[in-house]
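In the two complexes that follow, subunit A is the common piece, with subunit B as its partner first and subunit C second.
Up next is the complex of A and B:
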């Protein structure tokens, strides 16, 4: 009985893993095919079923008619995502700490209204924000620049950071801040010396979300850039000409997924080491 | 000397109402009161965590309210076990010393001594979440006493510990608190026994007010009001309606308890307080058991008596069942009388 259960369990897991991993295998094998191999049915094993070609991968690092150079969009994407994520995390953590520990009041506006204001930025469909963002960036001459995109991405990522961190700070007993002040810290000192070191788990999670949302954004990267500053998701789409180069597209897709996969692996290691285990009961 | 002058707060839960008191250095003051009496609020206000709405607090003549929390030279032990989860036990205790500007080595050396004092020698490199509740509270205690603060506040420090640990730490407290002997120690608790055992002086709080302050023994023997008598008695004191008519004391139903050496007030209604040890088994009062509970080596029996409900303390463990009938005796010498407004009007002929 138990044996049957175990077998069934592993069969299910195997099935599900295949389902999850299969698109990557497909992309990997396709990235080493040429036009003939792509159109001649589902084949997976190089040399045996098809003759591998590195054309797809080469095209990513050449330019002109040979393909599109991936290096510049990759660096652009990395810069915009990293800078916007770091700034959002810093601002978001400070804002969330203030909102979780102090009561603000300006007329009828209270803490809950401020929190909702942050979250409301993500409730709106992006298209609503597109035109205002476009006009604002145009006004300050930041269309089609890294700086302009960073600004817009901060506006998009800040609510996520605030949202995650408010929830996290809520789980840290305020007595901990009080104790730090009793023990000789200023309010700012209490934050940096006691609360921040105990918030690493929350900051890692918020940072993950920022990186994922920033890295994967296509819409604003598409609307707010033209030729000078191209981000990775837009560059992928621009590959799609009259003949779709499936081999380049697959290689491109794999490369664009890699950074997030690496981040996930690092965070997973970090989590399993116990650093993220709840310190508060 | 710590002085409170008409201290009031506007805390929505338990507002403090015009508290005035003096606290001298070198003494342990226990603050006794039920949950919601304002004990925690008083301690939080003193240390500066909650704002006052009126009044003043002076420490040796200096206005304490103008001093920021970090400079108040106070230490606090919370009811919850509050330690810094990211620091090991040694650095937890050294933390306040480091903030005062002591070097790492010196602070750690003193922290180590404090840890040895609270019985946690050898635990220096553990992280707080790896310790038991009692050990975590010992760390918090070590961190509080290592500062040699001028005022040490302890807010029901034993409340979240199990019975055995509570007794153990309670026995150790006088020795541990001696470390802070030159300071003022304010220790809040809901347990009369703890308050009596630890305090040089007892402060009784009720509904945001200080209702009595003085020597624990004196307050226990002669509580000034019925509220104080209720707070200070464990097992609970029982209050029954009575009356003095024609110079004779009787309960509302007419039962005559006898008056032994009591000097009775003029005719009129009174409240008769029956201490749990005033009742004993064997007598001519018919009683019915409504609840029996064990406390250590005693049995606490809740009784329905002809003149009201009362609690009886019986030495040893006895089996009583709800609804059991038994005869009890009432010792009139152990009765106390309170006026209708709650003031103690007990007088005895010497």
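Up next is the complex of A and C:
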């Protein structure tokens, strides 16, 4: 009975793993094909079923009519994501700490309402803000620039940072702050000298979520940039709508998802230690 | 009068308000104008755009489609995510490798993976139909038939976001207390009863959180649809976001699309609030 159960369990785990991994393996295999290999039907194993070619990978780094430049979109994506994440983390951590330690009151607005204002931004469908963002950025001349995108991405990422950090600070006992202040710290000093060094785990988790959502956003980058500041997801979709060279497409896709796929390893490590539990409630 | 507490809260609050509130108020104002591709401007035309929204069958159809799409995908994600989390929760061989593997899809860019899925679902050149033909199933028109396209979107969404459920539920499982399990073992409860009487009730708060977060995200679905099917064939996979995108940024009916998007936003908030309250009442038995 127990044996059958174990076998069934592992079969299911392997089945799901295959489903998860298959698109990546397919992309890897396709990235080494040429036009002939692609149009002759689905094949999987290089050398055995088709003659591998590195054309797809070369085209990503060469310029000219055959080339697709991946370097510039990659740098753009990295810059926008990193800058917006860092700003969101700084602002979000401060706000979350304030909300978890102090009482705010303005008329009928209380702490929980302010927290809700932050977190509820996740409900907002991007399309609702798309047109006003477009007109707003056009007005200040920030359309199709990195600065404009960073501004929009802060609105996207700040709620995530606040949400994760509020729960995290909730798990740090307030006595810690009080002790620091008895020792002569100002409230701001207590935060920077005592609380912040104890919050690395929470900040890492919040930072990872900012990176994931920033790096993977397509919609705003698609609407608010044209040719000067192209991000990775937009670049690959514009590639898709043209003649569709599957080999370049696949190589491009693999390069753009690899950096964050590595984040999965870090997330797993945190989860095993139970550090994520406090972040989700 | 600035106190230390304001130093913490105000920078973030003011930044977010400045970035969000102006566009939102602007959308409200635009929704009462006839701003379109021929004439940009904020002339006031009263509630005409909203009357048009109520008569717009294509919009209401897309909303119904979104409801079934998100209910099906979130249910599948929850069941699969919970099952996978339970499978790698306790000590098991290769546990950590499975965990990392199962997390990967949610880290990948939805549009990029949709581009790959598009090649995989290609009718004559893709591997999906190739493998199906090995077990004798004829070529399935994945992206060119209404039902096929709908199923394709569901499949890609399940592939992409089951990991998110898995992550939240596994994090919940890892932090469960040990005592109830000892009690259940002393009572001689089998694994089936232990799950329904101990694990599932203890996991109710985490489950509700995870389902609501996923419903919120699913209600915005757009990227996958844009790349995979462009809302087609016809309007078979068109979601409200995508329809508003067509009206607003393709046809450039700015005023009308503003009215559409505000209607959409209000309906989303109402529906999600009701769902959240109902889930709380049924699973935890108390008011939120």
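As a convention for this text, the second predicted complex is superposed on the first by the 252 of 281 C-alpha atoms of A that agree within 3 Å, B and C clash if a C-alpha of one lies under 4 Å from a C-alpha of the other, contacts with A are read in each partner's own complex, and residues count from 1 in each chain.
To be clear about the criterion, a contact is a pair of C-beta atoms (placed from the backbone, for glycine too) under 8 Å apart; a residue touches a chain by one contact, two chains touch by 3 or more.
The model shown is predicted, which means the values in this text are computed figures rather than measured ones.
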Clash-or-fit label for the pair subunit B, subunit C on subunit A: fit
Partner chain(s) touched by A:16 [first = subunit B, second = subunit C, both, neither]: second
Which superposed partner A:173 touches (first subunit B, second subunit C, both, neither): first
Which of subunit B and subunit C A:238 touches, first, second, both or neither: neither
Partner chain in contact with A:198 - subunit B first, subunit C second, else both or neither: first
Partner chain(s) touched by A:136 [first = subunit B, second = subunit C, both, neither]: second
For subunit A as apex, the angle formed with subunit B and subunit C - C-alpha centres, to the nearest 10 degrees: 90
Subunit B versus subunit C as contact partner of A:186, first or second or both or neither: both
First (subunit B), second (subunit C), both or neither touched by A:36: neither
More subunit A residues in contact - subunit B or subunit C: C
Touched partner set for A:54, first subunit B, second subunit C, both or neither: neither
Touching partner for A:62 - first (subunit B), second (subunit C), both, neither: neither
Nearest Cα pair across subunit B and subunit C, whole Å: 13
Shared subunit A surface residues [contacts with subunit B and with subunit C]: 186, 279-281
In the complex with subunit C, residue positions of subunit A that touch it: 9, 12-13, 16-17, 19-23, 26-27, 30, 38-39, 41-42, 44, 91-92, 94-95, 97-99, 101-102, 104, 114, 117-118, 121-136, 151-152, 154-155, 158-159, 162, 186-188, 191, 212, 215-216, 218-219, 223, 232-233, 236-237, 240, 246, 249-250, 253, 256-257, 260-261, 263-265, 267-268, 271-272, 274, 276-277, 279-281
Complex contacts: residues of subunit C adjacent to subunit A: 4-9, 11-13, 15-16, 19-20, 22-24, 26-27, 30, 80, 83-84, 87-88, 92, 96, 98-113, 115-120, 124-127, 129-130, 159, 167-168, 170-172, 174-175, 205-206, 209-210, 213, 216-217, 219-220, 222-223, 226-227, 240-241, 244-245, 248-249, 254, 257-258, 261-262, 264-265, 268-269, 272
Subunit A residues within the subunit B interface of the complex: 173, 175-176, 178-186, 189, 194, 197-198, 279-281
Residue ranges of subunit B touching subunit A (in the complex, touch as defined): 47, 49, 68-70, 72, 74-76, 78, 80, 82, 84-86, 95-96, 99-100, 129, 143, 147
